[in-house]
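In order of appearance the chains are A, B, C, D, E and F, and numbering begins at 1 in each one.
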Amino acid sequence: MKLVMAIIKPFKLDDVREALTGLGIAGMTVSEVKGFGRQKGQTEIYRGAEYSTNMVPKIKVEIVCDDGLAPRVVESIQQAANSGAIGDGKIFVLDVGQAVRIRTGETGETAL
Amino acid sequence: MKLVMAIIKPFKLDDVREALTGLGIAGMTVSEVKGFGRQKGQTEIYRGAEYSTNMVPKIKVEIVCDDGLAPRVVESIQQAANSGAIGDGKIFVLDVGQAVRIRTGETGETAL
Amino acid sequence: MKLVMAIIKPFKLDDVREALTGLGIAGMTVSEVKGFGRQKGQTEIYRGAEYSTNMVPKIKVEIVCDDGLAPRVVESIQQAANSGAIGDGKIFVLDVGQAVRIRTGETGETAL
Amino acid sequence: MTFTQKLCGLAGATALSIFAAVPAWAQEAAAAAAAAPTPNKGDTAWMMTSTLLVLLMILPGLQLFYGGLTRSKNMLSTMTQIGAVAALAMLVWVMWGYTMAFGDGGNAIISGFGKAFLAGITPDSTAATFSDGVVIPEYVFVSFQMTFAAITVALVLGSVVERIKFSAVMVFAIIWLTIVYFPIAHMVWASNGYFFGLGALDFAGGTVVHINAGVSALVAALMLGKRIGFPKEPMPPHSLTLTMVGTGLLWVGWFGFNAGSALEANGSAGLAMINTFVATAAGGLFWMLTERLNGHKGSALGFCSGIVAGLVAVTPAAGNSGPFGAIVLGAVASVVCFYSVSFLKPKLGYDDSLDAFGIHGVGGIIGAIGTGIVYSPSLGGPGGDDFQIGAQLIIQIEAVVATIVWASIGTAIAIFIAKALTGLRVKPEVEQEGLDLGEHGERAYN
Amino acid sequence: MTFTQKLCGLAGATALSIFAAVPAWAQEAAAAAAAAPTPNKGDTAWMMTSTLLVLLMILPGLQLFYGGLTRSKNMLSTMTQIGAVAALAMLVWVMWGYTMAFGDGGNAIISGFGKAFLAGITPDSTAATFSDGVVIPEYVFVSFQMTFAAITVALVLGSVVERIKFSAVMVFAIIWLTIVYFPIAHMVWASNGYFFGLGALDFAGGTVVHINAGVSALVAALMLGKRIGFPKEPMPPHSLTLTMVGTGLLWVGWFGFNAGSALEANGSAGLAMINTFVATAAGGLFWMLTERLNGHKGSALGFCSGIVAGLVAVTPAAGNSGPFGAIVLGAVASVVCFYSVSFLKPKLGYDDSLDAFGIHGVGGIIGAIGTGIVYSPSLGGPGGDDFQIGAQLIIQIEAVVATIVWASIGTAIAIFIAKALTGLRVKPEVEQEGLDLGEHGERAYN
Amino acid sequence: MTFTQKLCGLAGATALSIFAAVPAWAQEAAAAAAAAPTPNKGDTAWMMTSTLLVLLMILPGLQLFYGGLTRSKNMLSTMTQIGAVAALAMLVWVMWGYTMAFGDGGNAIISGFGKAFLAGITPDSTAATFSDGVVIPEYVFVSFQMTFAAITVALVLGSVVERIKFSAVMVFAIIWLTIVYFPIAHMVWASNGYFFGLGALDFAGGTVVHINAGVSALVAALMLGKRIGFPKEPMPPHSLTLTMVGTGLLWVGWFGFNAGSALEANGSAGLAMINTFVATAAGGLFWMLTERLNGHKGSALGFCSGIVAGLVAVTPAAGNSGPFGAIVLGAVASVVCFYSVSFLKPKLGYDDSLDAFGIHGVGGIIGAIGTGIVYSPSLGGPGGDDFQIGAQLIIQIEAVVATIVWASIGTAIAIFIAKALTGLRVKPEVEQEGLDLGEHGERAYN
């Protein structure tokens, strides 16, 4: 199985979720993160103190899926999250050794 | 070493922590996430605008442990986090190549 | 490619970011987490109810880099995040199978 | 002469009257210095307190009520627009607002310009109240009425936040106050005002403030267009906690509005006070009840919305109703506003971000018309024995319709000018990322 | 006749007296129209201000004080329960509450029903104050006392939030107000009331409001049971910031309570004011000090708790003490409440979520009894030269014990009925996930 | 005798005068009982309201304004320091503060000690106002002035939060109030006070409160040193939302300050009221405008800062200016404060955490000096026809300089003692982790 971890722009979350549901992905886990990269944050000024925040709010989406589906998951995300602007984010793929569904104890791909 | 990543219901965190401490696990890292899966969120209505949130608050627990302990960690979590209801969550296991304790620079399993 | 995942003390984030920028790392993803480990949290008392929080606020930094750079990334973080006190945190290294830049669709190390 | 003709006549007369009023300037300033009775210090104390209560409604009351309902990325923008527009209204008020609404002379539509820049007013000047020979210091009256102008223009913003430019808000405010608010305030409250002459009942500003703000908000929202993603994307309130705090402050402050409009610390203020308690309480509970009857849970936002609907409805009726008339008015307004916000708005599809029209507009109309009913002594109201519901209702409806027409046209003009000068709406990227960063360079929460 | 016998007699008499009072209805309404002195506008201004200050204590004061202490998943539930119960109390008050407590006639336990639905009250009606010939508009008095009823029932909720159903709260409130609050208010404050006749000192409602609410809260919490996970699971306040804001608003608003209870804008109100400043200041600082003496850090929540303890304690003493008596009272109450909350509660193991009993109940008892001491002129109090501490103390204790017994029994009945009608407590899943989503379908923060 | 000599003489005289004043004790207490005119209830109502408005400025106003600007890890610490120092100031005030500032007798620097522990004051005692024969209850006057002392010492904390120990704050407050605040209050406001005698204009405390607090804050910040990481590490406000709420409450409450300082509910209070509206509105808008002119976005924090700058500047001028003089004053102060905070502070490099000096100090100086100008009848001010700007300006500047010198020296002493007794500054680890956990053992948000 693969863990597909995507860092995307927050307002793209809905599109990504829809794209993945279209693929038959039944679950995912989402968290709020801050990204540092080519895209720079806005400059904030508080009473003369200027902060060029180089941290930009992003959403991290994590999906575990079976090996065969992974390339399509990556592709769907890449298309759905693409706005063509700097800071659209990255997708990383990692190997997952085991998966367990807590409720039933099922393991492997049936646990997803 | 393995990274055991568990997505659980928030109110189960205490039980999971206790179970793991029982196993001799000395550390873990916890974050707040939102889960999308079979369990649907409640419908929220704000002045007629209805949102069926399909995101449910979850807790992600990450534990790095040596290979031998991993199955028992998975098992303990599966038991402690189980409430028998949909949405109890998942456990994923990934391989970890290296671990370092920042304070001392120790590496490998002694760093855990 | 490697995913270097470091759990550090919040006030060390700036130092770590600077150290990594020095290495030529162009991006990273940061999230707020809580850590459980040797370092115990402060005891909080609310009207006689005493909570020894064993969760301490930490920052998780995730960097994906090519295999060759990984050891130096680990080393830089270890040095920058080190304060010599308990609770300085851990660095874990995982294998990454694939990376994609959403904006361009580039893959592999050029995506980083 | 039909009603429509009268209205056109009125509207047409304005341009003229604005200039006609100017020459009177010098003479009137002189007249203002005439001998006057001494203010009662109890009245003065109460009117100063009332003035501050209305300020509390704006900052931080309305800022929190509205701000809590927006998304966190627009929180500061919402609060700053409200605060800045209120500040601007205050400056405009002392320059040409007060004299247009309450200066001496003038005609049925606006007053003379003799008190522009508060000319001739001193700490010893007084303003009349509703009782013969009872006066309050004019500076206090100026301040009290100033807060009404400030909150009304701030209320309008409820329909346009999360996408309108800060600069557009400033331009809009200056024009809207001048061509919409000041004339309507004059017509309703000045002794030579048009509606006042007709005998329209509006104790504390149901038409001037709420119908006016609500209708203007609707027109502004329609001209501005929907927020990106509306209604598909969920836009839940970022902090109902703060909305609830704002609701509480609005309720507390509203007594300045309603009981303050008695202009004296007397039994009439006491009547306005008890009505403002019970109509509002009924409003809050009936909204929750209506939610239940529609198969939903009674909600916190429902409670808050009902509170405001009740407050809006009782505003024109505050001193013009008995307590049980007020309860009925609050309950009815709450139920109708519930339907307007929950069913009418989705159906019509306009994007009134925070329901300024759905609550202030609709609630205001119900209150204004209902006042013509609950005033009746047979329903426990303070009307005289010769009071006739039918005749009064016609007057009330005339005032309502005229206000709607006037506000709509004036708002259209004001938005049009604001668009020409500022572009009106922020860029899509700014809307996406939030107006806090895009318009003000800050985040509400770090 | 022993004290216990008297109590039983009192309690028994209620059922009877409620009915006995009804026939008097018609005649009294007529009598209310009798000629009366004119209200002083300064008094009227101050009493209207005081009324609003008490409203500010509830919304948003108590909502924030209590809400900040709950977990975020129950924030809206807490705020909505407080708000809705206050609204309900207002409606009940104008229907049958005012007449039961302050209507004409009646007996030592309740008044007659002649003013049900505020019958006969007009803007010209007046209510007496403590000075001969000094009156205030009756609508203002009705409003002022209305806010007392509203806040008292809201205070009770402090012990039951995070698990009680919204519907149960509504049912409980109606019954509790009717059988507990209105009679006690009558007994303490009406000129023919039982405790009033005894000569019990209670300037602003130490017994009526605080002991009453505190004891009722304890009984309700015991009947309702503990929150799931209490006391094992940590339940830290989700926002002490908001609790601190609520504390500030409570303090500000409490002057309406205390200085307003003078019913006039005079020196007695001034005395109540300074006492409410210094007793409270002492309360806040002494709680922190006691924490230090117990080896802890002086805490923000400790400061807030001490502020409220000081306010509670000075309530019956506000106009019945000199400033230094008040300081001592505030300090003592704060220290005792600290121990009650930090040691007594864990020992007894009941789950009074927000310490309504530990602070209002305990602080109220200390205040009520302490008032019998600090009233003494030898301690700087305003008592006459013939004042005897011993005799007064006995009266004070009698009033306290009677209130405790009455409130306990009445609360038990009210909770019992609420349980029968609504089930009282939310399902475990709802409690787990939070009452905001489960009871109201919303989240406080998005 | 040069001005510097005079100042030294003044300072030197204090030590002496403190003791010299003591013997007068007994006689004065007796004199206080003399027959006095009856207070007008309207004045009393207004002064009680004003007192509460100033309390509202502190809790929760200043707590939120300051607290929102700190980082979340120091939120409770900031709020608790403000709250506790205010409470402490109240206790000190009734013990020896009131008598030092406003007791009978004494000299140009402090009053006699005859009213220590409020000796001789009863509900019937009265205090004089500015009008002959008009009095208010002395307890009300004591309370009103008490809130001024409380807020002034709380304002000073703005420059030292996020690093000063709670215990140090307590020690500092006691000493600072005694050697800095009480004498300056006496000199400015007591009829035998030094600046009062000179004819310095300070309607509501520009020197006593704002210059005093601002300068003391600067000295304290310099002695305490910078926060770890300042200015490299970004320290953005954790909740501008709360700062905005605090701003609103400060504005509302400030009317107690300014219009309350008329001591009567009259036209002069009305003038102070309108000035406090318009100067503030101008302040808020001009700060945003200046930001725009400097190439930045108009910001929410800028609006809030401008509001406070306007309020500070209009404080001494409230009843001493016409509305348009006030507008100019507010606008000028706002612009100058913008530069002081945005350019001067970074240049000089001191760490005034929340800009207590940059806004209260600088704005206060502009207000105090500007009052000497806008008082002129030629500019619409209430000065008599014989008013001479030049002469008045010299007096104003003398008062400003003297206040600066006095406050600086006194603060240095107070901080020095606080350091000796408590160590002054928290440990670096505590500063790193936040004072909420380190000093109070709590978190603001869970």
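Just so it is clear, a residue touches a chain if its C-beta (ideal position, glycine included) is under 8 Å from a C-beta of that chain, and two chains touch if they have at least 3 such contacts.
The structure presented is a predicted model; accordingly, all values stated were derived computationally and were not measured.
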- Determine the set of chains touching chain B that also touch chain F. A, C, D, E
- Message: If I rank C-E and B-E by number of C-beta contact pairs, which comes first?
- Response: C-E
- Item | Centre-to-centre distance between chain F and chain C (centres being mean Cα positions), rounded to whole Å | 46
- Message: Can you compute the centre-to-centre distance for chain E and chain F, using the mean CA position of each chain? Integer Å is fine.
- Response: 35
- Message: Suppose each chain is reduced to the average of its Cα coordinates; what separation in Å results between chain B and chain C?
- Response: 18
- Just curious, how far off is chain F from chain A if you go by their C-alpha centres, in Å? 52
- Query: Counting only residues that touch at least 2 other chains, which ones in chain E make the list?
  - Reply: 40-43, 45-46, 49, 236-237, 296-297, 299, 301, 441-443
- Of all residues in chain B, the ones touching two or more other chains: 31, 44-46, 94-95
- Item | Set of all touching chain pairs, with the criterion as stated earlier | A-B, A-C, A-D, A-F, B-C, B-D, B-E, C-E, C-F, D-E, D-F, E-F
- Which residues of chain B touch chain D in their complex? 44-49, 51, 53
- Query: Can you list the chain F residues touching chain C in their complex?
  - Reply: 233, 432-433, 437-438, 441-443
- Message: For the complex, give me every residue of chain D touching chain E.
- Response: 40-43, 45-46, 49, 53, 71-72, 236-241, 244-245, 247-249, 251-252, 255, 259, 264-271, 273-274, 277-278, 280-282, 284-285, 288, 296-301, 303, 307, 323-324, 327, 382
- Query: What does chain A use to touch chain C in their complex?
  - Reply: 2, 6-8, 31-38, 54-55, 58, 60, 74, 77-78, 81-95
- The answer for chain C against chain A in the complex is residues 1, 3, 17, 26-31, 64, 94-103, 105, 111-112
